[in-house]
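Chain IDs A, B, C and D follow the sequence of writing; residue 1 opens each chain.
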Amino acid sequence: MLTDAVVNGITAGSVYALVAVGMTIIFGVLRAINFAHGEFYMLGTFGAWWGIETLDLPYIVSIPLALIIVAAIALAVGVLVMKRLIDQPFQIGIVATLGVSLVLQNVIILIFGGAYKMFDGGWIEPVEILGISLSEQRILIVVAALVIFGLLELMVHRTRFGKTIRAVSQNIEACKVVGVNVPVVVIGTFVLGCTLAALSGVLTAPVTVSLYGGMGTSITVKTFAIIVMGGVGNVSGTLFAAWILGLMESFVASYLGLQFRDAVAFTALIVVLTLLPGGLFSKRERF
Amino acid sequence: MLDDLRGAPALDIRDLRAGYGPLEIIRSLNLTVEPGEFVALMGPNGAGKSTLLKTIFGMATITGGSIGWDGRNVAGMTPRRILGAGIAYVPQGRCNFPLMSVDENLDMASYAVPKGNLKADRDRIYDLFPVLHERRRQPAGNLSGGEQQMLEMGMAMLMRPRLLLIDEPSVGLSPQSIQKVFDELVAINRGGCTILLVEQNTRKAMQVASRVAILRLGEVIWTGPPAGITFEELGAIFMTGELPQRARKTEDSDETRL
Amino acid sequence: MPTLTRRQFAALTASTIPFSALARPARAQVAGNGGPLKIGLIVPLSGPLARFGGFASHGAELAVKQINAAGGVNGAPIELMRGDSQGTPVEAVSAARRVISDDKVQVILGDIASSATIALQPVVEDAHVILLNAASSNPDITYKAGVGGYKWSFRSYPTDELRAKVILQFGAEQKHFTRYAVLSVDSDFGRGAIAFSKKYLPQFHGEILSEDYYKDDETDFRPVLSHIKSLNVQGILSYGLPDATRLIVRQILELGLAGKVTLLGSGEFTYPDTIKVSPAVLNGAVEAAAWAPDLDNPRSLQFVADYRTAYGTKEVPNVHSYTHWEAVYLLAAAAKAAGGTEGSALRSALEAIDYDGATGKIRFDSHHQAELPMFIYEVEGGKSVEKGAFIAKVEYPA
Amino acid sequence: MAMTGVNVHGSYIYANPRHGLRAAGFAVLVIALAAAPLVAGDYQLHALIVSMTFLLPALGLNLILGYAGMLSFAQMAFFGIGAYSSALTAMRWGTPFWLNLVVGGLAAGIVAVPLGIPALRLRRYSFVMCTLGFAVIAQTIAKNWISVTRGDLGLSQVPRPRIALWNGGFEITSITSYYYLALVLSVLAVLAFLTLVSSAAGRYMIAIREDETLAASVGTPTWHYRMIAFALSAVFAGVGGSFYVHYFTVISPTVFDPFYANTVLVIVLGGGVGTVGGVVLGSFLFVAVSEALRIAPDLRMIAYGLLLIVIVFACPEGLLPLFIRKIRFGGGTHVP
């Protein structure tokens, strides 16, 4: 039961982590909470579902297809909306991204109907590891999370694009002074972040099975909790915060009851924030 | 190293009107700067000195007039294009990436204008500011105020500017740091880079500048060599906007303070 | 919780329920009082509950299209005005007020969310407009309707008390289960059904070993299922959402619980799409449904065929599609019986109606609650098998 | 990080000479609203009532966001607490309406204090997160404290407002009388809000918002005033919730859903944060827009979302400044 709870927490946390890391880098460059972030998770699952159902593609092919579709949508949103959020007060970002979320959600409902769909794909056969039964897909999610976080850490600290992301999140004025093309970095980061959310959606779809237009809403709130806990723009902090939240939820659900899960998780979060206002992993208080 | 830049064309600002959004701070400003000059902008608070630098660098809203540079009008260009045209800007206050190391900060500066290679660029700056080399692995935010100011000047120099706009480099620095910063500015200017400096520390500015331009309410109301004006006269201009009757004094009278 | 009195149950087999498809209006009659029948459909079209509003909307629209193609009611086509309730009382009342005031509807058909339906009750009462509910499960809706107070509210959807009892009875008598875990949706439906289950558990010598409720957008059931695994239960009582069912099934499979626990309750366990997720998990699963797409009844089968023709073969109608489709036919029948659409005549016609629906006779009791059967289905060999229909007369708290 | 750009707050907190203009505008609006039932149908009156229902929590949010500079998602939690406590009081003891309002407001205000103690120490986003978490916790309590809240079944047939000092009196039932009740409540709330922000406490709040470090350095007890702002914002929301529950006569844990919180947020940010007129305008405009869009149910929320995006970029300071500018400068520029 205890190992079960730990494994469940890590797998759930890995799903959160993939969505959250996208939001944390977007938050870093824009200081805007992307209230539409869960919608990109939703769009990812819909993209893959569409590929499987309409184009008869195998799951493995529908993954890149979904990512390309979402990246294109994110690019459009980035150019039309997010670019304008640079240098704007944070309230503007909230209303604008709420608007984006409403539009994306309801366009999907308009195109595909409000009724839920079934996702048919992925590797869902259970395998036994350490006496715990787990689907292959979930192992894939955990592995994918680790690989992607490794790559992101490398990207953020070693590559030119990664450094510009950090630069924009640290000082926009200085970026202008040294000639960083801030709008391009912001749009690029937004597309990257949204594509990561979509990847999480596509990888999770085989285990969550059902998809519908409004499925992204609850993800956004949890994601927000994670990035605040992990420290803004802190990539590895996000992974650990997501795992901690996943473990916390898993223990509450296992020993207390599912209905108390969100409340206990949020209570713990409030306690954590009260004690460590800058999040668990950031080097200094940043927001 | 910068000698080849001698003879660069002048900065030629005409009837410039600019500000932030609907708020106009620069009103009909005229100023020309010859190549290799070191011009100190002075004037009371709110005269528009910092705004002028921002405007030249493309970070304010221009509502009229022109900024001639290199024989073309750079008014309305983005900071990136202005950088490309050879103008660099060091704003007031801390303007670096506090969580990045000194190395990374310098890399950021050379990313934008990819001319040389990173390593050579960095070494050039470390030659100029050896203290940065000692602290190259430290986050910029942990550096002292003077060190950060030098870092920012170094970042600006990486852009190989022919015109350096620098805003209040002495604010919050120790006297030694101030001396060091101004020594470096003079060296940069000697290297052939034209400098437009905004500085509250009038004494220091008048020591290093080759010319002074006095701003009041968004206009240049007087310009000339530092020797051509006394501290009393400066103070009077700041207050009234008018040059008082000359009651000539020795120019280096130390007891005169603003 | 309000005290609930005993109900009488009568177990019938489905085949004994008399069916006769509603006679299509053969020819146009002279338009009666009140003009054409105007129905305001108030369901969630956006927000988290839109996934159910979509089904309901499709069902009702199909019925209107069919009836109008056959000449309409009393010589005039039915008009359907849709309003988005977003599943909230505020939006439901706003949408309803709009169709009442601007479109002059005689009937409001809706909502799915109980809190929205309850908020609509006083509104229609003041406006003298009929409220026909075909999806909400809160018992208050009809406890407080008819002789209970609200004269204009009706419900043509079976109550969850019947559902809860029937499931326990089946579990005890057919499967000999005594150890249960609860995993239901955290809503009035899921929690209400479990509250009723607890009332009947002693009668069937059952016990509940764990109790969990999930949010309607929950995706991770592994912690609960791990817990349930450790408890060695026989049945999971689950009154939940069909899309969540698929997750639960897949995660039961993942945890190696397939064949070790049986799902009982409601959540489209016996739909082909659900069974497809994992036949191994769903074999033996028992569903108590107000309606199911494979209901062996010609009218119902025709509905499913028509629905899939209209909306694509991928979309299998759900229970909301059916109840809203049937509700429109029921209203058409009432309008026909009333000879028009004038409010009180329509209401009297509805009170007195004796209507043959696909699931059985629809008659409203004194609380305006339709007496409708509950069908039991069980998955056997990867196929849904009907095990009988149960009907009960509701007894109300004094 | 340097946040350049125009300060969104405070540009329209007018100096005295303009008070006259504002008072006149306010009077015209109230008279127009008082005359509305002569021309408006039930549906329009209902829409206006909904606007005024959201006005109260919106004023509360405006206080904490516009005057203390903190974005709170807890507004609707307080709204729900006010609604539940007021409904329970009325159902159990048959109390008159005014007392229900007081109970609703007080309950929300009292809950806000212990929440504020840890939360108000936090800075911007951590505070937002904290308040969001509080709404989730409040919903969980409403769902699981079944003996009091009846859980998910919620409370239904909540008594209609009874206008009486104590016993007897008369019950509000018709939509017109609900409308006037809402109008009276709204006018009182706006007046209370104006009194509050022009008081010494209000000026301190503005000082804290503008520059907290400076305010603290001149000896303003910043935490103290933030707490006052937070608790009072809860009181406004609680009173709004109390009216809500007696109008809709039903309350369930869905009141804690993001839908309500988002509506209030859009009203305040869309209308004009830090202004009273903006919030009033926002309440009417956004309910009106959302109702007008009902002509196309399928496209409604898409259009609403697009509108939000357009409005927020076209007038980042909310719609009120746009209106005022038109009046004062004939469309010209203004000096912030």
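Everything that follows uses one rule, which is that a contact is a pair of C-beta atoms (placed from the backbone, for glycine too) under 8 Å apart; a residue touches a chain by one contact, two chains touch by 3 or more.
Note that the structure is predicted; figures quoted are calculated from it, not measured.
Distance from chain D peaks, on a Cα-centroid basis, for B. When the C-beta pairs in contact are tallied for A-D and for C-D, the bigger tally goes to A-D. Note: centroid distance chain A to chain D, computed from Cα atoms, is 31 Å.
Each chain gets a centre from the mean of its Cα atoms; for chain B and chain C, those two points are 75 Å apart.
Separation between the centroids of chain B and chain D, computed from CA atoms only, is 49 Å.
Taking the mean of the C-alpha atoms as each chain's centre, chain C and chain D sit 37 Å apart.
In chain A, the positions touching at least two other chains are 102, 105-106, 109, 170-171, 173, 217, 259, 262. For chain B, the set of residues that touch two or more other chains is empty. With touch defined as above, residues shared between interfaces to two or more other chains in chain D number as follows: 2, 143, 298, 300-301. Within the complex formed with chain C, the residues of chain A that make contact are 1, 4-5, 8-9, 11-12, 15, 53, 102, 105-106, 109, 113-118, 120, 124, 126, 128, 133-135, 138, 204, 207-210, 212-215, 217-218, 249-255, 257-259, 262.
Those residues of chain A that touch chain D in the complex are listed here as 31, 33, 81, 84, 87-92, 94-96, 98-103, 105-107, 109-110, 169-173, 217, 221, 224-225, 228, 232, 259-260, 262-263, 266-267, 269-271, 273-274, 277-279, 285, 287. The touching residues of chain C, when paired with chain A in their complex, are 45-55, 57-58, 183, 186, 210-215, 217-224, 226-227, 229-230, 242-244, 246-247, 250-251, 253-256, 273, 276-277, 311, 314-315, 318.
Those residues of chain C that touch chain D in the complex are listed here as 1, 45-48, 82-84, 86-91, 93-95, 97-98, 100-102, 113-115, 118-119, 121-122, 126-127, 138-140, 144, 149, 186-188, 190-192, 213. Here chain D touches chain A in the complex through residues 1-5, 8, 65, 71, 118-119, 121-126, 128-130, 132-134, 136-137, 139-141, 143-144, 258, 262, 265-266, 269-270, 273, 298-302, 304-309, 311-313, 316, going by the rule given at the top.
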